[in-house]
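Per-chain residue numbering starts at 1, and chain names A, B, C and D are given in the order in which the chains are listed.
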Amino acid sequence: MDFTYVILIPLIPLAAFLLLGIFNQKIKPAVSGYIGVAGLSTSAALSFYTAYQYFFEVGKVDGVYQTFVEKTTWINFTDTLAIDMGILIDPISVMMLIVVSIISLMVHIYSRGYMKGDDGYTRFFAFLGLFSFSMFGLVLATNLFQIYIFWELVGVSSFLLIGYYYTKPSAVSAAKKAFIVTRFADLGFLIGILIISYYTGTFDFETLNNPEGSAILSWASTSFMGLSVITWALILIFIGGAGKSAMFPLHIWLPDAMEGPTPVSALIHAATMVVAGVYLVARLFPMYYFVEDGFALNIVAYVGAFSSLFAAIIAITQTDIKRVLAFSTMSQLGYMMLALGVSGYDGHEGVGYMASMFHLFTHAMFKALLFLGAGSVIHAVHSNYLKDMGGLRKYMPITNITFLIAALAISGVFPLSGFWSKDEILVAAFEHNKLIYGVGIFVAGLTAFYMFRLYFGIFWGKDTQYKHAPHESHISMTFPLMVLALISIFGGFIPFSELITADRVGFEAHINIPLAIVATVVGLTGIGLAYVFYKKENDLADRFSNAFGVFYKWTFNKFYFDEIYLFVTKNIIFNRIATPIAWFDKKFVDGTMEGIGNKTVVISKKIKGIQSGKVQDYAFGFIAGVVVLALVFIYLWTN
Amino acid sequence: MNFSNFLLMRQEILLLTITLLLLVSEIFISKSKKSSLVHLAIFLFGIHTAVGFFHIDECSIFGGSFQTNNLIHFFKNVLNIGVFILLLQSADWIEEKIVGENRGTEFFILLFSSLLGMYFMISAGDFLMFYIGLELSTLPIAALAAYETTKRISSEAGIKLILSAALASGVSLFGISFLYATSGSIFFHDIIEVIVSNNLTILGFILFFAGLSFKISLVPFHFWTADVYEGAPISVSSYLSVISKGAAVFILMILMFTIFKPLIHVWENLVYVVALATMFIGNLFALRQQNMKRFLAFSSIAQAGFILLGLITGTQLGTATIVYFVMIYIFSNLAAFGVVQAISLKTGKENMDDYNGLYRTNPNLSLVMMLALFSLAGIPPVAGFFGKFFLFTAAASKGYYLLVFLAVVNVTISLYYYLLVVRAMFIRKNENPIPFFKNKLYMKLGLLITVIGILALGLYSPLYDYIYELSAAFN
Amino acid sequence: MDILTLFVIIPVLTIVALVFTKGLKQARLVSMVGSIIQLGMAINLVFAYFKERAINKEIMVFTKDYVWFEQFNIHYTIGVDGISVALLLLTAIIVLAGVFISWKIADLPKEFFISLLVLASGVYGFFISLDLFTMFVFYEIAVIPMYLLIGIWGSGPKEYSAMKLTLMLMGASAVLLVGVLGIYFNSNADGGTLTFNILEIAQVNIPFEAQKLFFPLTFVGFAVLGALFPFHTWSPDGHASAPTAVSMLHAGVLMKLGGYGIFRIAMFLLPAGAMHWSWFFIILAAIGVVYGAFGAIRQTDLKYINAYASVSHLGLVLFALLTLNKIAWNGAILQSLSHGLLTALFFALIGMIYGRTHTRDISKLGGMMKILPFIGAIYVITGLAYLGLPGFSGFVAEMNIFVGAFQNPDKFQRILTVLVVSSIVITAVYILRLVGKIMMGPLVTNDCENLPKATWYEKTGILLLLIPIIGMGVAPLWLSDMLLESIQPFIQGVL
Amino acid sequence: MIAGISIYEILTVTSILFFIGVYGFITRKNLISILMSVELILNASVINFVVINKYLYPDILQGVYFSIFIIAVAAAETALAVSIIINLYRQIASVEVKDTEIMKY
């Protein structure tokens, strides 16, 4: 089966980007909006077609999902080592195609309403196009280097979109922060790639992931500081993933990234780009699993678990609704990571892998929904802060309903999509690692709590008096909300375990009833608490926070991580390293060169007395010269 | 010996005739037309130069005390061309002297007799001829240095030159006497037979070397140079810096490569030391100079130091590179002095600061100056680069890499002060720059020839190959 | 007249034509025409090269040989391989762009363009010569006009910078000269005749002692031009004071002579020396990379930032060369090309900003994007390309270098490689600081609401540079294959 | 050939003469006396030539001729020098060395 046409999926948005980018000034805003939407819907259509083709027509050959690769050489290193550009079709890439195209399309539509009247309208859609292109390219990558290339590209489009309001200093610094932190993580990724390329002599995923392949079998051949170099490489690559997926401690860029327009947060920082890290680990899952008995995989698990807990705690105390969602995203990403971390490989063992991808899918939907809902709210009240909201259910019913659905979904309430995926994750965790399971279940509770704190805070709670009454958003904004709401409701019934598994062989997923009950109970408890605290305006919350005192303060300030980073960059990099170097360069290196020149001049000033102008001194010099030369060459230097 | 032998020294005879002719013609030309003497002199000397290009067979007459061969003959031609250019450049000045101060033609007579002296010096076959030639070339210059009888510095220059010259020739005579003592003859061809390396010979050689180094102004025998150049009329300084220095280098090279060859183990070290001293001292002094003449004086000292890099080899390669370099050096330095002369003639300004913003008013002069300085500094594609590069190659061929390195360091230093002048002319601004002026025909011609030389000599390689063949004569 | 010598002839003819021009209009017109012809020839050369290469498997093609100084066996020998072809094309592009950028040069326009073209002809000559002497000649011809260009048309402490630059480069060429002579006098080690011809010398195996002695001289001689730490200090001052077009040519082309010379002469003729010394110089190069990047973080003058960035990026070139690895060498050449275009583009943009706002102090600039959308957008693109974003030339080059450098299992070199790789983060830091400060953020200078928009010649100049950058970044295959093929014979000498 | 006096004594004398001349040249204050010291130096070499000729190579008279020429040239030299000195005296009414130091450094 020939999947070459898939190449169009990324190329169409690219075309849109170029069109809008180059003729930025010429094109009317309305037109540019249509161009963007049209392009994306084509890609989306193609993605769906591909998915259908792959999953139900040609993908499965005697029970195993095949990998289809179309590629061409991009640059040669040696006759064996080369970077290829191409497309790789396998379950997860197809799944990602769906996710990216749906969300991106929705966001495009949504933005036509949300960004209306903004003077950078065209630029915005151009950047969206660029991002979609990069993201499609990333998910379709056939080898480590290609994925790195598009990895960088999504990074830069995220930079551009966060810094979209480029006259706002906060936006600019947020964009810089996002780019530099992820870039720093990518450094690890790159070095990892270098190691892999040297020891396995290839970048190709197929070759690397082949469980019988030399890459996996010969991991033990070389070791460095007690660990196999391959393990090191995998850890480094995971650092790259952690940077993109905002895992602790590289998470700090994500909250600030909320400076970008809300649709962007929905698209990039909730649904697609941030899951790139998860996708990367899933992409290399066989290596992570087999090399050195999954040493690297355990790291993934623990980092994921900790991040999800960490983020969930912080999320409770934030008052900027987008930041709450950001931390929630981070927490959910941690969930996916830990799912991968505890996953096995073949058959039902691989439930974690499946669950992670499943959750990736569902989460993308309801988290995007949440963000878009939040966007619609912000659009209405022109503020990000809970204190300026409340009682909005009367004004914006659709937003209210859809937001509620999403909140329920993320809290894992039966039968919404979130319930299924989260349940699978907990099952996997329970089967492999009780500690992580404990964390997971606790986080589930927290999630439910802060989500409903948010929900009640926005739509119920105090009846704020608005200067000009907020109203429901334009259809172009509510339509995507509804679509996504539908998916969030029914997405859970997609038989993922049939389609997407580590070993490509589907298995029969069965609900683990007791665990499911526990999870649901915990979730409902969280919701209940939130109800008590925030349904009606009361001072319970304040009393609690006062009771917690210091802990609350720390949490509220996100455990001062920004400050630490600030200290490192400002004081260490700038003042302790860069400044001394600049000084050293001026004074010492340059000074030496200067010195040589100056010394010459000084000497020439010093010796000018020789030329005294007295003819007799000259004569003396003459004779002295003769005598000295004579003495030297007659008696001393006689060779 | 028959009279046809005299024809073999026809250059000398012709020059002598011209000199006498000018002397006599002064009597017949009326006061009012005196200035036509200049044209006459230039015309006659032009003929002389032209005639010089006819071939002369190798010969050795008067019992070997006068000898000539193709290289010597070639070099005499080089000197001729140099002097001719010099005449062109100084024509206006001397005309003004003749008309204004009612001076006679002594300038030409002294100049030519000094040149005659050099002819004899470089084709000398024994020390006597050499000595006479040396003195004949030095004394008239001393007189010329004091030519501006009304200027104090001119007389000071004259007295300094004559006294130092006397001392120098005294010293070298003393040396020659020792050489005579060891070898028993003053004829070169006898000395070559018998010379051996012993202390007296070495002493004699060093004294002799000092005497000649004085004319080449090598450190530490260079002190007179700057003062004399500054005090003397520009034409004379220019003459001193190119013609007499060139001739001295040539004869020194010949003697060292022929009769003193057995002492090479001594003089290669000697030259090594002197070369370094000369380059460094010359450059370090040149750095500070403000007066252009003085500046060029020290620069010419440094250049002499570079010449020694060729001298150190004692091979045909060395000979060829030296002659080649000296030729290029003559053109470059004459160009530089020519510009200085033109400017000081029109404005009387001789300081570097006066040159500020020269390019804006007199672009052509500045360009000539820049070319000349680049040639002196050894920047391609002008000739100076090739001259220097080949000198370094010669030194390196003997494995003196360290010496070459230090020499090239000196090139960098020299580049600095040459660029100072360029900076003054091109970059610096000036409230009252030297106003634009047109040069007379002779001056233009003089500068033009030098420019052509600077541009062509390096790129036109057959010339070097020709010199190389000629150089076989002394090895 | 053969296809290569024209590269020197055309600029000379253009200069001659310029001599007779009057005023700015004619001067710039003539020089534009000349440079366009040049560019056309360069492009034509690329195709001719591919055609020739198909049938001719020599190291160098289009070789011509004329005796010059017989006694020294100095020849005017010319020839090209893929590398020189690429660099010639680069030069042609940048020269033309430079002419466009200096479209409005006010003071002494004629002289300006003449000096510019003298420089260019020197560079062209350097890239086509296969004879040490000729190469050296062209090298110096290329360096010396910088003095006048900076001194006359420069800004700030121009006299000082010009003098410093000239003296340091000439001092370097002094060292180089000794190295060249050393090679020359060892070129008969196998009993042949002395020769300056590179290809012939390459056949000779020069005694190890000599190589040990002369490699450092040759290397340093060229590396100073390549801004090797600690001999880089001429470049910040020089760039800061130079007029825009000169900075472009200098950083874009002239500094490439360094790397090229090392590759062609130091490495190719003295492989054993290279082996023996690489460990030492590679440390300097690695320091240079990181050091330059950190140096750039702290600067406040746009041109200084760029100058230090160049130190860092060209340090990368030297580093790659010293890893003595084929892929890395390919990367080095690619980096030379890419950095040439990028830095030229950067300087061009800086020149435009400076020409409008009359300041290069980043603390006095801000939010230019709003006022100058075109220039701003290009500036951001350039910045991103500069920090090695995929899709632009820089990425390709750097990846080649890193992968290549990593192929050597030696721990020490691995560590250096990791160190060097980390420089991409620092680069990101200062580039983003720059972009964030002057392009984004609120307006700082309120008096410049209505600055003139980019003019046609400025846009032409920019696009001339931008298009190849993107071309290299998107489809590097043909270029890198061409280079790899040409590198093959050279790497064999070393390994 | 003078009986009882070997060449060494004479050469010693001439050398002493030479250095006396040098000493005079370096120390005298008056230009004229400096000229006289120069004469001493020249005469030292003249005597050298004659003596060497007489003692060592008596058959050919090269040294003698040489000395004659030296004397002649020395005379010319002195004449020229004196004329220049006189010219200087015209301008500054002094023949002191210290008055000829305006050009220096």
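Criterion: a contact is a pair of C-beta atoms (placed from the backbone, for glycine too) under 8 Å apart; a residue touches a chain by one contact, two chains touch by 3 or more.
These numbers were taken from a predicted model, which means no experiment stands behind them.
The pair with more inter-chain C-beta contacts, choosing from B-D and A-B, is B-D. If you average the Cα atoms of chain C and of chain D, the two centres end up 65 Å apart. With centres set at the average Cα position, the gap from chain B to chain D is 27 Å.
The distance from the centre of chain A to the centre of chain B, each centre being the mean of the chain's C-alpha atoms, comes to 78 Å.
The centroid of the Cα atoms in chain A and the matching centroid in chain D are 98 Å apart.
Looking at chain A, residues 608, 611, 613, 615, 619, 623 sit in touch with two or more other chains. Residue positions of chain B with contacts to 2 or more other chains are 159-160, 163, 167, 171, 226-227, 288. Looking at chain D, one finds that residues 22, 25, 34, 100, 102-105 touch two or more other chains. Chains touching one another form the pairs A-B, A-C, A-D, B-C, B-D. By the touch rule above, chain A contacts chain C in their complex via residues 24-25, 73-78, 81, 83, 145, 148-150, 152-153, 156, 163, 166-167, 169, 172-173, 175-176, 179-180, 183-184, 187, 190-191, 194-195, 197-198, 569, 573-574, 577-579, 581-582, 585, 589-590, 592-593, 597.
Against chain B, in their complex, chain D makes its touches with residues 18, 21-22, 25, 31, 34-35, 38, 41-42, 44-45, 48-49, 52-53, 56-57, 60, 62-63, 65-66, 69-70, 73, 76-77, 80-81, 83-85, 87-88, 90-92, 100, 102-105.
Across the complex, chain B meets chain A through its residues 159-160, 163-164, 167-168, 171, 199, 202-203, 206-207, 209-210, 214, 219-221, 223-224, 226-227, 265-266, 269-270, 273-274, 281, 284-285, 287-288, 413. Of all the residues in chain B, the ones that touch chain C in their complex are 317, 320, 374, 379-381, 385, 389-390, 392-393, 396-397, 399, 401, 404-405, 408-409, 411-412, 415-416, 419, 422-423, 426-427, 461, 464-465, 468. Listed in rising order, the residues of chain D touching chain A in the complex are 22, 25-28, 34, 97-98, 100-105.
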